[in-house]
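Consider the two complexes below, in which chain A is the common component and chain B and chain C are the respective partners.
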Partner chain A sequence: MQITIKYFGQLTEITHIEEETLEISGTYIFELLETLYRKYNTLKTKDFQVAQNQELVSKETELTGAEIALLPPFAGG
Partner chain B sequence: MMSRYNRHIILSEIGQLGQDKISNAKVLVIGAGGLGCPILLYLTAAGIGTLGIIDFDVVDITNLQRQVLYGKSSLGVNKAIAAKARLEDLNDSISIIAYAEQLTYKNAIALFNEYDIIVDGSDNFETRYLVNDAAIITNKPLVFGAIYKFEGQVSVFNYNNGPTYRCLFPNTPAQDNIPNCSEIGVLGVLPGIIGSMQANEVLKIVLGIGNILSGHILCYNALTCKTSTLKIKRNETAISKVLKTEENFHNTKMEVNCETEINTISIHDILTKDNIQFIDVREAHELPKIEGLNVKAIPLGDLENNLHEISTAKKKVLFCQSGIRSKRAVLILQRANITNCFSLKEGAKEIIDTYKVFKTAQKNES
Partner chain C sequence: MTNKKPKNVFQPGAITSEFIGNSIYKHQTKTSIGAHNIFLGQVRADEIDGKTVSAIEYTAYEDMANQKFHDIRESAFAKFDLTCMHIYHSLGTVKAGEICLFVFVSSPRRKVVFDALEYIVEAIKAEVPVFGKEIFEDESHQWKVNN
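Take a look at the complex of A and B:
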């Protein structure tokens, strides 16, 4: 299925893109992440949470959404 | 005489009753830096009755690009003290309390108990988790804001049984993922925007108006002007874990720069570079590289497994980009009972500037 993926903060330094639409074949969020890790090697070393259709979900959640966002923590102030 | 709060009072959503609520509110702001400055300015102007400011840091010239409370006359002055002086000029009808000290596990609970609302304007994960956990234990709403380069995050945690920072990010990020050492730039106006959003949430909580940003995190990008609001669920397991730490909370040690004494040394106090083992704890890819000195490169994350590579005889000076990770590294060595080790106050760049060692190695003169 076609999924739009949004990247925030430090993650865009790896992806060099803030948003992209990919054809994803997996059933779960972690399968989508595996696809992304193949595309962006260093992504798996980063801390982030996943939101599906604007709602934060665990990596074991079923992939149902049209939009996925990867959100890293920010420390700066 | 017209009240200084006239423009609040004539709003039907606020009125004199609302303004009285603001005057009775007690708000503690953690950090008087990029976020803290706009938060403090707007809360002072709004007339928050009791405003606490905690910050141990002093104002330096690079702060003035975004920390709008300060001017040249504040350079070298503690931020909490300098902020109080400026804010009292803005509004002397409220009570402003400056704590020129670091927030620690030891002082957090007692301090939080004195206030109704906590606002996080800190700049490191360790303090952010401390603030979050102390807010859970004292059951205070926490107005959160954080920034990175051109992006910001805002949320209200622990509000009416809403989620907390640990429901969003349960654990402190892995050490080598903490980008707080090398100097990261930030667009000066960004903390102004995010801090103002935090001040807005504080006033809404005090007044009981509008929709509080609880259960959601707002992400703002200054370059694209886009905002995304993501829903967060409360994670009872993460919260009860925090509550279990209550009894021993005040005994928890900060990892960096407070209760544990860490030996630091300035490049200018190193009398001779001979017989010193320099240890570069940066990641392999980080620049500038140093050649022509007795430097051993062991990234921070690998240090514990490579203690055998560290000279026991020589004096050891550990460095990174700006002296933060190297402190963590010295702490690791100290815990392993390795003595005679120091964290360099400066970074790799200053070593190069001082010793003129860069890329093309100097000939070994000995």
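Take a look at the complex of A and C:
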């Protein structure tokens, strides 16, 4: 399925883009991450959480096709 | 819980003392209020490995962040007897010494506002997807992490 993925903060220094839409063949978040790790080698060394449809999800969550965001540690305030 | 649409909490650049003063002024008509409490987050000129932070450049996952601010607001109203609550956060560059977060709570009585303010500020730090790039005076940078 086609999934839009957004990158934030220091992760954009690895991806050099803030957003892209990719064809993902897997069923779960971790399968999407494997695709991204192949595309961006150093992404795996970074600390981040994953949001699907603006809610934090675990790696075992099923992909729904909604927007995915990779969120590095928060720094508000 | 209400189903109101989340407000936009973000403001471009620093939050000015005029804006903060004006917010206080606007509450003079709300005479059931007996106590306000205010938190102001200020950008600190931290020294790290001999370099000094001169500014923080804030970015956010804005839609999710505004929804999280909204959830925090709803949960604070459910927990505490608040008359009103306002949250403003900067986006973009805020220099050291300038204000990047303004949280303003009001209640008929004082005890409530102390507890409510701490609850809200801690929730913002932990739950809202805002990112901060600490810019040093030599224009190198590192990424801020809340702890």
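To be clear about the criterion, the second predicted complex is superposed on the first by the 72 of 77 C-alpha atoms of A that agree within 3 Å, B and C clash if a C-alpha of one lies under 4 Å from a C-alpha of the other, contacts with A are read in each partner's own complex, and residues count from 1 in each chain.
In this text, contacts are C-beta pairs under 8 Å (C-beta built on N, C-alpha and C of every residue); 3 or more make two chains touch, one makes a residue touch a chain.
These numbers were taken from a predicted model, which means no experiment stands behind them.
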Contacts of A:Lys46 with chain B and chain C, given as first, second, both or neither: first
Which superposed partner A:Leu71 touches (first chain B, second chain C, both, neither): both
Partner chain in contact with A:Phe8 - chain B first, chain C second, else both or neither: both
Partner chain in contact with A:Thr35 - chain B first, chain C second, else both or neither: neither
Touched partner set for A:Thr61, first chain B, second chain C, both or neither: neither
Touching both chain B and chain C, residues of chain A: 6, 8-10, 51, 54, 69, 71, 73-77
Sites on chain A touched by chain B in the complex: 6, 8-10, 18, 45-47, 49, 51, 54-56, 69, 71, 73-77
Residues of chain B that touch chain A when the two form their complex: 31, 33-36, 120-125, 128, 145-149, 151-153, 168-169, 173-174, 176-180, 184, 186, 191, 217, 219, 221, 224, 228-233
Chain C-facing residues of chain A, complex: 6, 8-10, 51, 54, 69, 71-77
Chain C - residues contacting chain A, complex: 41, 56, 58-61, 63-65, 67, 89, 100-101, 121, 124-133, 143-146
